[in-house]
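Order of writing sets the chain letters: A, B, C and D. Residues in each chain are counted from 1.
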Amino acid sequence: MSILLNRASKVLVQGMTGSEGSFHTQQMLDFGTQVVAGVSPGKGGTKHLGVPVFDTVREAVEATGADTAGVFVPPPFAADAIMESSAAGISLVVAITELIPVNDMVRARAFISARGTRLIGPNCPGLMSPGERAKVGIIPNHIANPGEVGVVSRSGTLTYEIIQALARAGYGQSTSVGIGGDPVLGLSFSDVVELFAADEETTLVVLAGEIGGSDEERAAELIGRGYPKPVVGFISGRSAPPGKRMGHAGAIISGTTGSPASKVAALEKAGVKVADTIEQIVELTRERLGAARSS
Amino acid sequence: MSILLNRASKVLVQGMTGSEGSFHTQQMLDFGTQVVAGVSPGKGGTKHLGVPVFDTVREAVEATGADTAGVFVPPPFAADAIMESSAAGISLVVAITELIPVNDMVRARAFISARGTRLIGPNCPGLMSPGERAKVGIIPNHIANPGEVGVVSRSGTLTYEIIQALARAGYGQSTSVGIGGDPVLGLSFSDVVELFAADEETTLVVLAGEIGGSDEERAAELIGRGYPKPVVGFISGRSAPPGKRMGHAGAIISGTTGSPASKVAALEKAGVKVADTIEQIVELTRERLGAARSS
Amino acid sequence: MKLLEHQAKERLRRVGIECPTGLVARSPQEAEKAAQEMGPVVIKAQVPIGGRGKAGGVKLAKTPAEAHAAAAAILSMEIHGYSVPSVLCEEALEIAKEIYLGVTVDRDRRSMVVILSFAGGMEIEEVAEHSPEKIAKLWPDPFAGPQAFEIRELTLQALEAVGGDETLPKARYLAELVPVVQSLFRLSQELDASLCEINPLVVTASGQVIAGDAKIEIDQNAEFRHRDLVRELGPDASAATSGDDPLEVEARRRGLTYVHLGGSVGIIGNGAGLVMNTLDLVKQHGGSAANFLDIGGGAKAEVVKQALEMLLLDPAVQGVFVNIFGGITRGDEVARGLISARDELGMQLPLVVRMTGTREEEGRQLLEAAGITPAVSAPEAARKIVELIGSTGSS
Amino acid sequence: MKLLEHQAKERLRRVGIECPTGLVARSPQEAEKAAQEMGPVVIKAQVPIGGRGKAGGVKLAKTPAEAHAAAAAILSMEIHGYSVPSVLCEEALEIAKEIYLGVTVDRDRRSMVVILSFAGGMEIEEVAEHSPEKIAKLWPDPFAGPQAFEIRELTLQALEAVGGDETLPKARYLAELVPVVQSLFRLSQELDASLCEINPLVVTASGQVIAGDAKIEIDQNAEFRHRDLVRELGPDASAATSGDDPLEVEARRRGLTYVHLGGSVGIIGNGAGLVMNTLDLVKQHGGSAANFLDIGGGAKAEVVKQALEMLLLDPAVQGVFVNIFGGITRGDEVARGLISARDELGMQLPLVVRMTGTREEEGRQLLEAAGITPAVSAPEAARKIVELIGSTGSS
């Protein structure tokens, strides 16, 4: 098993005919993902990469039964694409696009929340369930490794680092989820941590946070109320000077929450071992799980 | 019994300290209505007509448990008042105010629908349950008469005519509801007719429509699918020339629905006897109910 | 309040909707000059009423001389009762396709509705009546407005409804209509418009999408939010909403809800339903109503006086029937207004008053003291006024 | 993109929020003339940075001569690294009360937030830190915006939080703040502002509610929707968002996501999380990072070249560590950018590259062909660059 995405998931890709959309759809297909439709307004009725293309998500859903959407459309149109999938009944939307105006995301988030749609991202690497040969997003195929560790991270590239380091030590992933680095996101750490709790395949969770916001603190609260699996934590940005804005990740340290110290303290209070380096994530995982079984 | 409003209803009045609000709140109190609060921003903490006044509906609801609101505030502020009551958990809002901009009402209607609040009006006389000594709105007290007829009408003054004519013949009302004459309304004829179906006290329903829209036609459809009580219909505006706009009631005849002929035909097809005059409403009521019992 | 075409297009331009270059001319000379600057132009009567095309109020002029002649002809016209103070001289478009686009209120849905049809142009009303399936509709969330994806869905639906349209590639329609619809909707909200309509939305031979004509009507209940616009457009714009009848225009100037019907019994009542029923009663008793006049809820004496004055402007009125059932309206206020109006205006015509409801007794006493006997019921009052006017009065 | 005070106030005025009369002066003479017209004025430095009051950039001038002197002093200042090209001469307000009002993004709530406090003015940051309970917040529906009733509830909450305020009667506060908050929110939406702030919102001795100061910052991701504004404000406004560091200003001019940190190891990476982790790694290995520079997802060779060029502008940089983990970013693109930049810029400093992920192999081959050996892991790369720079390099 896995969370959010499995071999039965039927994926459509919004913006599939664009350059990024094409490249990564091919990667998703190569990985084994059931990509059943592309959506590009005006190109309905054609095929691309062997996948039928539709003008609207609604048509794609009606024709193919798609339940999951990957969003690769450019920033000015991305929030609309997210809302379109939600309105058409897609249950999980994965928005890869970065640089979406924050107001657009505030509105899209309100729109999809009212319709019960789950969103991952935006400005995220997406998610991958290696044992299910299913991925939506841009996590490189070659680092995937089926296994028992659930990974949830804010950052894209850091997620890859962690997956790769775990893989080298022989630990695979049930599902890896990059929740994204924008100020306004879909699923939070808490949401994903809760999903991992209920997933049989997952035996340990790696939570990789960073400075800014208080999503890590809230996940710590959740874990502190009793969590059935070991959790390994990691917080990046510890050497960032307070008050410096670290890129469009919107990582602004404000008040006492948001600082690396606050996040580490909250996690440790909840009984989470917090690693100082990526190498230490692997060590703590080994400590908790014993020698790798999937290697 | 009655529909929507009974002796247990706790009513707050928005705009109670204004001239219309004061006058009609006194009438409501005289009728026996439990008016538990007034809301006038800035006058919170005072009393008016012996009733405590609050700055916000939320405070009034918290302090008094009010569940029903009457809106007497001027048109520019009326839609906001409706939304305020809805947001504070009021379950029935009765908006008397007329001349509210239609866009305001479209928005208010969407707002309250999302919260499950019932709205009567705007631009309506409100409702009255004589046997329960409860009224919200402006239906004159002296015409009230407890009884078994449920009255639902678009027009305010026409409602009074009908109540009075029925009363003179000895028929009282379970509840009389004026749903209002604006283009964008809360409860429709269908909604009220459905409520009357389930009310034990009500043995016959008088439905008084007018030209414009297709609410009467849709109520006829509902009745046509099987309705447990006799219904007497009436349509005013039969001598209005087609295409003439009859005041801010927004009564524009468009296409084939909306015309008096269409409405009368739809009602008759559903088995509803349609009266030509108010006197005939009384006659048809007598035909269906026999001699008045409440006289 | 209706905007003239050129006023409406000015608003469309402000929200980014493409409109043809145009100049307003108040004389044939100005029209000639415009044509000298612009080349071939269409000369269009600026009147706040539909159907001007069929009435001859729109002419193509290929040369300045033709522009002069066309403007002279149109400026001397009367179109459905309106004189033509100005014409709009617009660059002539090479029309490849006419689309209908409108935003208005859908009372059955309690919502705003966006209406789109690829069978646009002058025949849209016929389409609406005989082939309503060719019209696609969208009911947007009033706060969010129509989203881009919703407009693409609407566009596809409208295209399918006419079996497709090849004037532009599908991708262009899907892209071009999104900002036009969003801007038009936004404009309708900003202006509190009860109608914002572009008909035709023209696709030109070169593939440009541009507003051929535009109608904007402001919700009269929302005029308090648009004082500047009311001032800018002047009282005629407000007055024009009710139609082309001079009495109705006058009534609007006075702020009264009045419809001229042409009979001999002047009607004043409170509440649209009651007034409509009063019309029905007068007809049932063999009379003919001169008008619909609703003084609304809570009318004060001054409004009643204004209403009576209004009725007396209609030379066909031979008697007046006042029908008041007081809820929010109070009998004493109505009585005071009637008495002072009758006295000040020196009214000699028969006056029948039926009054009941709130402060009925006080009103009745005032009327009786002034020598006016109220009727006991509305049907009785109807019978009485028809009797008093006599058979000569019915038209 | 930050607006200067006078630019922000111009926007407030357009949406109906009252602001003091003001004139922009670029010389002491102009300030003197303004004071002659306006009477006593406040002279305020127009710089895109907070804290100018404490830095002496705001002076009261009671006479034209004082205005001349104050403007001369302020125009020759440097405030947190910014020269002062102009001052705003504003009518002096008789301040009875200072309110804080702001609209910004609340990332924890995934929402816009309206912030209101009756403990406004210069001390708001202290209030936020030590008495956060004195600040009231509202999270409006993003489509509907704050409703009037919600603003009244917010106002009451803010009043209660400070134990009431008698400067104005409660009814006036409830009435006056509604349009100000609604207009400010609408403005924030129209401008895609990440921050719209009025601090202080002044209640004057005569009871007028008026914006004393205003800050507006536009979301840089939304600048594509505000091309006109970007053009109007010029590149300095965009550049100012990241702070007052000249290197950061320059980076913004080049469109790079860069933060100056002051150490000796120049850092380039893709993804904020990875770059932050790279900083941590450098520190863990005894080095000090010169900067944060995130080339983002899918960066092309040209961007990589720009990034390297940027790093070399920092004289403290003694070596460069490039850390790329390709997802949407491709190794070959990064390699091409690095090689051409190194060659064109004639870069002599140590360069350590760690590259893995999408098109890793192609990138690695390109680097090796150009004589750059990639490190096998990020920690190894960190160790290597710190070694190459040597102990003299760490600050």
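Simple rule for what comes next: a contact is a pair of C-beta atoms (placed from the backbone, for glycine too) under 8 Å apart; a residue touches a chain by one contact, two chains touch by 3 or more.
Computed from a predicted model, the values in this text were never measured in an experiment.
Student: Name, by label, each chain that touches both members of the pair subunit B and subunit C.
Tutor: Touches both subunit B and subunit C: D.
Student: If you tally the C-beta contacts, which comes out ahead, C-D or B-D?
Tutor: B-D
Student: Tell me, please, which chain's centre (mean of its C-alpha atoms) is farthest from the centre of subunit C?
Tutor: A
Student: So, what's the distance in Å between the C-alpha centres of subunit D and subunit C?
Tutor: 50
Student: Rounded to the nearest whole Å, what is the centre-to-centre distance of subunit A and subunit C, using the mean of the C-alpha atoms as each centre?
Tutor: Whole-Å distance between the two chain centres: 55.
Student: Got the subunit B residues that touch at least 2 other chains?
Tutor: 107, 111 - these are the residues of subunit B that touch more than one other chain.
Student: So which stretches of subunit D touch two or more other chains?
Tutor: Residues 141, 143-144 of subunit D each touch two or more of the other chains.
Student: Have a look at which chains touch which and call the overall pattern line, ring, star, complete or other.
Tutor: Graph shape, chains as nodes and touching pairs as edges: none of the named types, so other.
Student: Dump the list of chain pairs that touch, please.
Tutor: A-C, A-D, B-C, B-D, C-D
Student: Inside the complex, what are the residues of subunit C that reach subunit B?
Tutor: Within the complex, subunit C contacts subunit B at residues 105, 107-108, 110-112, 128-129, 141-143, 188-189, 192, 194, 219-222, 224-225, 242-243, 257, 259, 261, 269-277, 279-284, 289, 292, 294, 296-298, 324-328, 356-358, 378-379.
Student: Contact residues on subunit B for subunit D in the complex?
Tutor: The touching residues are 41-44, 55-59, 77, 80-81, 83-84, 87, 107, 111.
Student: Give the list of subunit C residues in touch with subunit A in this complex.
Tutor: Contacts found on subunit C: 144, 147-150, 152-153, 156, 169-172, 174-175.
Student: Could you please specify the touching residues of subunit D with respect to subunit C in the complex?
Tutor: Residues 141, 143-145.
Student: Could you pull out which subunit B residues touch subunit C in their complex?
Tutor: Going by the criterion above, the answer is residues 20, 24, 75-76, 96, 98-107, 109-111, 125, 137-140, 143, 153-161, 164, 181, 183-185, 208, 210-215, 218, 236-241, 244-251, 255, 276-279.
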